[in-house]
Structures are given as C-alpha cells and as structure tokens.
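Next, two complexes with chain A in common: one pairs it with chain B, the other with chain C.
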Partner chain A sequence: MSTSIPDTQAQVAPSSLAAKTPWRALLGRVDWPLALFLAAWFLAVVVPLLGVVVYSFFETKSFFTVYTPSLNTWASIFDSGRFEVILRTLRIAFTVTAVELVLAFAFSLWLAKGHASRTVKAMTLALMTVPFFLDLSSRTIIWRALLGENGPLIPLFIGIGLVEPGSAGILYSEWAVHFGMVIALFPTMMLPVYIAISLVDDALIDASNDLGASPWQTLTGVIIPLSLPGVIAGVLFTLGSAMAAWVEPSMLGGGFVNLLSNSIESAYSALRYPVLAALTTLIMLILGVLVLAFVLIGRRFGDLSSSFRILRS
Partner chain B sequence: MKETSVSQLQLLRSRRDFLRSAALGASALALPLALDLPASRLWAAGPATVRGYGVTTSQLKDWSVMAQSIGVQMEFTGTGNDVGVFLRDVVAAGLGDQTDIFVFEAGTQDILGPRGTYLPIDTQHPALTLWERTPDEWKHSRVVQDAEGNQWGVPVIGNADSFGYFPEKLGLDPDSEEELSWSLVFDDPRTRGRVSFDRTWGYSLPMAALYLQSKTGKPFSNCADLEPEETRQVVDFLIERKRAGQFRTLHTSFEEQIQLLSNREVDVINCWEPAVREVNLKLGKDATRYAYTQEGYYKWGHGAYLPVQAGDRDNLDAIYKVLNYYLGGEYRALQARDRGYAGPNMDLAVAYARENDWSAEDIAALEETERKIARKFSKPLVSTTTPSNADSMEEQWQRFLNA
Partner chain C sequence: MNQHPRVHQRWSYWKGWPLLGKSVGALMLLLIYFPLFWLALMSISERPLSGIPFPLSLEHYAALWQDTRWIGPFGASLAMALLIGVLCAVCATYVGRALPLTRRPGRLMLLLVLPLFIPGMSMGAALFILTRTVLGLKLGFWSIAVGHFIWAFPFALLIIMVLTTRFDHRLIEAGADLGASKWQIFRDIELPLLRPGIVGATLFGFLLSFNEMLRTLFLRGTTETMPVWNWIMASSQQSQVPIIFALTTLVLLVTLPLFLGLFWILFVRLERQ
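For the complex of A and B:
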C-alpha cells in the first residue's frame, strides 16, 4: 500500500498539471478590466432591463400592481394610442435632430474655420453655454407670447405662407413644438460638432486645397469624415434630449402634441408601472432595430470606426 | 393573504398604541388645563413641534401665527397634488416614519386607510374641541371618510370647482350670478375654439361626465369613478368635440390658467377659482367670473390624515391640537383671505375677523365665501382623486389626447 501511493500521485500529478496549464493560460489572456466592466454593465444595465420586460406583463388595478401575468397592459398600449405616441415622438425627435445637424454644422464650420476673430469665437461659445444655466420652462414660455395669435412673429409667418391670415397662429401645433425644440437643443448639437471641427488640422485643409480640391471636395473628403466623432456625439445628445422632451410639447403643443414623456407622466399619475415598463421595452426594441439598421447601412459606406482614430492622435 | 394579515396587524397595533397614547395624552392635556396655563406661556417654555407633509397651498403663509395661538410649531414640507407621487412617497418611501400629519386631496384614505397606513381619527380626543360643531357635510364627507364610513381624516379646505369666463364675451352682465351650463365648455358654438380644458384626467373626466349625463338624461353610476364602458362613452364625446375644434388648448398648471385668461387667449376655461381672482387683480374687478353652474361642480377637499406611526410618538396631543386648528376660525379666515379657499366652520372665520378688527371689506368677502359655498354645495357634486377605475380612466384619457 505504502508504495502504491507515490505511484498514484506520480500518475495524477502530470495529468492535473496538464489540465491546469491551458486554464491558467486562458486566465492570463483575459482582459480583466474589460471583463469586470462588462460584468458590471450586465448587472447594472441588462438585468434591470430584463426586469422591466418582465414587469410589462403585469397590470395595475386601483393604484396597485397585480402580479398576475397577462397581455392586458400590452393590449392597452395599442388601444390607448400610446404606440402612436412612440412613433410620433421618434418622428419629431429625428426631424429636430436632422434640422439641428444641418444648422449646427454650418454654424460650427463658420465659427471654427471661417474668419471669425478670437473675440467673436469666445463670445459665441460663452453665449452658447448660457442656456444651460437657465430653466428650460422659463426659456420656453416666452415663445408662447411670440407665437400666439397676437404674437409679433405672426406677420412673418403669414408672409412666408406658414399660417393663414386671421388664423390662430402656429401655437399649439407640431410646428410650434418643432420650433421650440430646435431653439432649445441647438447648443447641445453645436458644441460637440464645433469641438470636432476645431480639431481638424488646418494643414490638412490647406493640403486639400493645394492639391486642387474644390471647397465641396474638401468638405466632404476631409472635414466631414474627421469631424464625425463630434457629429455622432451631437446626434446622440440631441436625439436623446428630443425623445425625452417634456417642456416644449406641454407649453407649445397645448396638449395636442402628446409625446412620450407626457404619456409616461400620465401613466405615472395612476401608478401604472407596467405601462411604463411596456413603453420602455417598446422603445428599446425600436431603438435596437434603428441602431442595427444604422450599422448595416454604415457598413455599405465604409468603416465607421476609422473616424474615431482622430481621437487617438 | 399575507398583505391582509400585515394590514390587520398594523391596524391592531395602531389601535392599541392609539388607546395608550390617548390615555397619556388626556393626562398631559389635563395638566395645563388644571394649572390654567395659556398657550402662549406653554410656548414660552418651548413649543411642541409637528411635522407636516402635503399640498403646498394648504399651508398658512406664516405658521408662526399658529404657534402663537396654540403653542405648537409646524415644520411643513410642501408637495404638489399628484396622487401617484403622494402614494409612492407614503407607501414606498415610508414617509410616515418622519411625518406627523399628511394633508392631501380626498381619496387616498380609501386606499391607505384600510391598508393600515393611516391612523383612525379619534373624534373624542380632548384636543379636538371643534369636532362636534363642525357640519356633517364636511366632517362626514368622502374627503375624510372611506366608503364604509370610517373616519380617517379631518377636513382642512375645499371648494366646488367650475369654470372661469369673460362675461362680456358671452353677453352677460359683469355682476351676473346666473347659473350657466357646462355646454359653454363643451358644446356651445359661441365658444368654439375659445375654450381651454384641463389636461388632468382625474379633474376633467368627471366634469365632462357630469355634463354628458345631464345632456343625454342617462345618469352614470358615479361620474368621479366611471366604469370602463362609461369612460369610453365620455371620451368618445370629448374626441368628437375636440375634432369639432371646441378646444383652443389643454392646460396643465395654475400658472397657465392665469396666463390664458390674462392674455384673453380663451373665453372659457375649467380652472381653479384662485386663478380668476389673480386675473381680476390684473384686468380689473369682475373682468372674469367664476361660474355658478346648472349641472353641478367638481368638489375637492383637502383632509389632514395621520400616519399610523404617529400613534407611537409622544406628540400626539400636539398633533390633535393642529387638527383642531384646521377646523378653527383663524386658519379658515387666513386661508380664505390669502388663497380664496373655503372650508368647514366659515362662521368662525367671520367671528375671528371681527374680533381681530379686519376691514369691513375683508369681513364681507368672508361672508360672501360662506354664502357661495352653501349655494354650490346644494348642487350635484363629483369628487375623488383615487377612483377604483383609475387605470381605465387614465388609459381612455390617452385616447382623447392622441385623437
């Protein structure tokens, strides 16, 4: 017996070592900070979202949640028109973001690469940060007086054919909500776009010109690709804020432009948490599909990640 | 089942604690009475403190007045009148651990009373000296009792809401007290496109139901707590009126009510009475009027409710002194003068104003408030912020907003 033990150990030890070696090698190859981040992200983001999805299959009765699974809450999302609210919110948010992008890019290009003096640049940037220190309601309510039926802007709108003479103005309409959101969200789009365009090396623009490129070719071949990180940041900030807009639809939409945040607030007033969960699930699904479409379309036009190389330099 | 057991335990505990505290409280109260100490002297020794939480406008503009009168100091945290937020704060956040008195609109007692979150009111408490003389229409109303008649609160303030309007736009005398129809809000061609309607479903749906049942002659089971099919009927009617262009806008806040009237942007608006008062301060006396109606009113009221945890504390007597103060003349007079609110025992408010040498104009305004409330309360009234059909009412209201 006493001699058999070392034999056994001698037989086991090499095989155990052989089993541990690839495992250790695998552990050695793991990027631990990344793994920990992904684990934390899974626990902090994915798990709560799964909880939200589960919660959407309950319903509310007399201000209390009934924990009996059913499809009633999902049916109510479609019966009450809340699904249309999501689509309306997305439509308005994307429209506002597109308008902002065009306006902010042109403005930023002028400010960063035009002939604006340092003083003008400093003053403009300072002015762009002022709205962040003021309450949005206070900034929005002034438009009610200006866009109302007796507002000073009405003759202008009549002149460009936006409203009929004698009508009640553009207040309490989608026009007014778009208008208010474009004004309010301009700095949110403009600031990251301006920073990105400022970082584009002037030598690259000069080189493009020296090589005979037209201004349009320099814009599309040099400036836009290199400013894409700022554009993407601006789009994300603006789109997110536009989807969460509450003040502008309330104050300028007059209750006739029911957007997501208004709908959520209403459900919250009756403590209908399952409705909130179903709305959140739907939005996540829709945004997931849109992001997928964005990536697939982006692949057809080139490698999007290459645009971020500017940030490494 | 488990929930019911917990609620019953909470109730049993609260009743035992309440009886113990009531006995202690009665002894404590008897001491200063026996020594004949005035409230101001008691306060000089250090006022008792009561912590309140509830609707901001139920507050006195200066609580030190109450401290001088009854020797109890108030630390009040104001909130809005969103019932969802209130229920969340009280139930989920356990606000009763830090709060002695909740002041909120009617309806929460239907849910929080039977669940054991509120402490039943002891109407025989020695500090509640004004209870007996308070009219039944206030102290036994659905503001402070549940459907079974259990007493969960003490009435604080209340009113019967209708709509504000510009008399000259409707061809009425500025001082007319004629009863007007709610058709001016919903149906009348004279006001088409010139009406603002409140966007809050719990406030506006009952008003629309009140009008619709009068128009069709088919009464609803309860205008404030409509059955799902009834809500659908009312919302169908509102959608039809919305598409006909009856509403100029839907408003959401008190400030908007004032702005819409001040700018003369609308001719008729279902709003709070203080909004009309504010507008008349700007546009002139009787520029706008608050309607007496043919069909009835939305009756609202704030009640003061006690968390069940208050039964464990040593300031229960001070809490009851504050409840009694809510029924008294000083609070009533100050709230009527400063905010235009009515409430129980308006006659005490008039007496208080006379004793304290208020101007004849202010006293007349108090008497007018008393008369106005009596007239309105003789009509059909709808009321509750916590209908049992809240889920279907909120859902159908979304249909109206999205139409």
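For the complex of A and C:
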C-alpha cells in the first residue's frame, strides 16, 4: 500500500522525509512564471541597489576603476567642497518639504473635510495626477522666460520687494529653484496627505465638535494624529524627490545652485563611477535614516499599522 | 459652561480658514497648469524665449515640419512607450492575479513597489553601474526599457490589484465546476472583469515611459528619447529651442485625451465594479 511506505520510512528518518515530500509537492504547486518574474525583478531592482553600495568602496585612478576596497572615494566626497553641496541640498530639500507640507495640508483639509462636492474632489485629484506624467523640462523652461530679466512677473516681484529694481530678476538664484521645486512637488505631497485626511472618520470629528472642542483642538487632537501616516508618507516622497531634484536646479539655478544631483551628473560625465556610486549611496542612506526616524516618531504618536488596516479592509 | 482656557480659541472659528485652504489649492493648480497654456501660446508666437507672446506666427510649426532631427527621438519614445505599456499590462495582469494567492503577498508586494521609494536618478545610476561598468554591456534601447519597466510596473500592478483583491473567486470555482478550461475561465470570466484595470495599466505604462527622463539619461547609451532630446535642446540654449515648444504642444494635444480616458477608467469604470 502506498500509505504504509512513508509510514515505515518516517520511523527511520522522520526529518529527511519531512523535508523531502512537502518540498516535491511544493515544486508542483510553485507558480513558475511568477517565481521567474520575481527573480528577474530582484536582479533588476535589488541587485543594482546593493551593487552601487559595494561599488562606492572602489576608486578611480587615471580613468580606470581600481577594484580594491578602500574608503578613499567616500573621503573625497566629504572634502573637495562637496560637503557644502550636501548641506545645501539638505537645506533646500527640507525647506521645500516644509513649505509643501503646510500648503498641501491646508488644501487637503479643505478638500477632504470642507464642503467640496464629489465632482470637485475627482477633478482635483485628476488635475493633481496629470503633472506626474508630463515632461518636467519643457514645463520648467517656461518659468525661465517668466522669471528672467525682462519677464512679465518682474514688476510684481519688485512690488513685493523681492527683487531690487534694475537687477537681473530672480532667475539663477535659490529663490527660483525653491519656486520651481515647490510647484513641481506639490502633487507628490498632496495626494498621500489628502488620502490620509479623507480616511479620518467624520463621526470622530463631529464627536469632537459636539464635546466642545474648538476647531484648532479638533485639528491637533483628532485629525493630525489620525492622518499622521499619510503625512509621513508624503514627507518621505517629497524629501526623496527634492533631494534628487535635477531639472529645477539646472534650469532655474543655471549652474549657480549646485545640488547633489548636479554632482551625480558631473561624476557621470567625468567617468568617475565610484564617486557616482558613493553619491547615489549617500542619497539612499540619508533617505533610509529619515524613513527610520519617521517610523519611530510615528510609532510614538500612534500605531502606524492601524491606518494600513483601514486601507486593507 | 466649560471655562477651560483653550476652549476660547476664537481665532480658530474664523470663517476664512476654509477659503484660505481652497485658495492655496487654486493657486498651486494655477501655477502647475499655467506653464502648459503658456507653452502652447509661446509655440505660436514669434519670439518664444522673450517671454512675450506677441506677435503671433506659425513659423515654428513650419520649422518643425522642415526639421527632421526630432523624428528619431520621437519614434524611439513612441516605440518604447508602446512596448512598456503592453509589457506592463501583461506582467501586471499575471502577477496581480497570482499575488493574492501566494503565502506572503504583503512582503512580495513591498518588493514589487520598492522602485516607487527610490529617486529616479539613484535608480538610473545604480542600473548604469551594474550594467555598464560591472557587466560591461552595451547600453541602448534594451537598458532604457528595463529602467522604464521598473519605474512603470509598480503603478500598473497597484491598479490591477485594486480589482484582483476584490475579485470574487467563487466565479472561478463555478466556471471550473461547469467544465470550463483554465483558458476559458480566464477569457470569459476574469478578462471582462479585469479589463478596466488592464487598460489602465497599459495607459500608465505608456504615459510614464513616454515622459521619463532621469533614468533614461543614465541608461540611454547612444539612443535618444524625446524627453532627453528636449532636455538637451532646452539646456543648451540653442536656436532650435522654439521647435521644442511646438513639439511639446503637439505631444500635449495627444497625451491629454489619453488622460481623459485614464481618469474615466479610474473614476467611472472602477467605481462601478
């Protein structure tokens, strides 16, 4: 009988058999196309990211990569004036993200919990999604003409006192770079924040109002803690894109506002690939530290996973 | 009455707060969309780089007609976008159906959406270092395709997963009980129900690939796609810049109707499911 054979064998070598039979059964059940796809995906996504970290410990000598591990490339990143670039990138990325957060939260709060109709909500979401798909350089080039010396917006800036009359306008300054990035990254921040706020249960807000809380108390005590995961997601997406921003600093900064992405580009054109690898690793490292920090902060203020549970159901 | 001091935050009852939130959004939408209209206006003005629209002329469209250098990059972009759109639809449909049935869908999902969290430039540089410098391969159309697929696939997968996670598996069991083959079940039961998601995945793949630049920049080899060509033209301040305005306007006229289709699927068709 077929069932008696595994029984006797199981008494002799239970562990090896237990490992063998389910393994064979598993082989039959494995979804091979899916497994192949996942393997290819791992090779194309995870392996390059790990490879770039390893590669950053090599260095270039007279246009050839020397495959002996050393810290020379990392050391060169932090002297040679690039440290300043790193600080500037972080400063601009954080400023832009903070501005985005205030703007996006205000607008999302109105859109989600104000009296916006369904059509307005759908239209706004559609309008916010379209820019993700449009070529950024041809949209940014327009601002170059408008912010430049003879641009039609310059009288307005002189009026606010942002620009001295007779100066070259705000093009090729940090102002212009900030301006371009705030416009380009607004949807990145707004969409996660909006989804998080719209998931806050209206009944909780009504209860808070009925119990006599002021709108400010409802905001800080109910809406902000409950929408925190979405806010953190928005902050991370925006910070990541802002740290790797390239079109805006190149077009609106005109070589005067050097960011990490410009260093990456010049390392690429100068064939200094270990430097390219180290700079890429640095960006991912900074992002990783931020992710960790935000997850820890999020855990202190509330259970992060609870909001994902809402999404799942 | 409750005399707690924080209750008397009169300023937070101000009627203007909602209006303020609304106008912030209106202003940002204006700033996002204004360049598009200005771009179209500039494409029919005589000196688009001056920032002043008048006098109007159609000479840049005529120049575009004369110039042939943009046709190569445009064709490459179009072919790439079509390829990525079809690949995204096929792979996302397969993976999206198989994933909910695996033992740890959450972890696999995280692996598959990982590229969403990595800046485009970093991903491009990482792929470049692996393929060009470590493996020594010749870059070109295929490497751009890999970079674009990695970028577009997570979006395509997410949109398919919206449908497959809500899918009623009793329908498949019923089909199997009635003697349908696996292919028949897929064609007659699953495909019609998943169709809006599949069309959405194709459109996402097409549009994301068509406008991708940061990854392409590292992976292009000697192949040029249109965003890269635009970028080179725009950043080098050549006299050909006016052509870009005309070209981008034409591309917008083609892409925007596609968006209307995409949003109709997202908000009307998927809502009905």
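Observations on the model:
We adopt the following convention: the second predicted complex is superposed on the first by the 206 of 313 C-alpha atoms of A that agree within 3 Å, B and C clash if a C-alpha of one lies under 4 Å from a C-alpha of the other, contacts with A are read in each partner's own complex, and residues count from 1 in each chain.
Here is the rule we go by: a contact is a pair of C-beta atoms (placed from the backbone, for glycine too) under 8 Å apart; a residue touches a chain by one contact, two chains touch by 3 or more.
This is a predicted model, so every value here is computed, not measured.
Shared-chain residue A:V85: touches chain B; no touch with chain C.
Residue contacts after overlaying the shared chain place A:I160 against neither chain B nor chain C. Once chain A of one complex is fitted onto chain A of the other, the partner contacts of A:G51 are limited to chain C, with no touch recorded for chain B.
When the two structures are aligned on the shared chain, A:A126 is found in touch with chain C, with no touch to chain B. With both structures placed on the common chain, the touch criterion links A:S269 to chain B but leaves chain C unconnected.
In the superposed model, A:G240 makes contact with chain C only, not with chain B. Touched residues of chain A, counted separately for chain B and chain C, are more numerous for C.
In the superposition on chain A, A:E59 contacts chain B only, with no contact to chain C. Within the superposed three-chain model, A:A106 lies in touch with chain C and out of touch with chain B [touch as defined at top]. Shared-chain residue A:A203: touches no atom of chain B or chain C.
When both complexes are aligned on chain A by C-alpha atoms, chain A residues 145, 148, 150, 250, 268 touch chain B in the first and chain C in the second. Across the complex, chain A meets chain C through its residues 31, 33-34, 37-38, 41-42, 44-49, 51-52, 55, 65, 103, 106-107, 109-111, 114-115, 122, 124, 126-143, 145-146, 148, 150-152, 183, 186-187, 190, 212-217, 219, 236-237, 240-241, 243-244, 246-247, 250-251, 261, 264-265, 268, 273, 276-277, 279-280, 283-284, 287.
Contacts from chain B toward chain A in the complex involve residues 82-85, 87-88, 111, 193, 197, 199-202, 248-252, 259, 263, 265, 386, 388-391, 393-399, 401-403. Partner chain A is touched in their complex by these residues of chain C: 2, 6-9, 11-13, 17-18, 20-22, 24-25, 28-29, 31-36, 38-39, 42, 48-52, 91, 94-95, 98-99, 101-102, 108, 111-112, 114-115, 117-123, 125-130, 133-134, 146, 150, 207-208, 210-211, 213-214, 217-218, 226-227, 230-231, 234-235, 241, 244-245, 248, 251-252, 255-256, 259, 263, 266-267. Within the complex, the chain A residues that touch chain B are 59-64, 76, 79-82, 84-85, 144-145, 148-150, 168, 171-172, 250, 254-256, 258, 262-263, 266-272.
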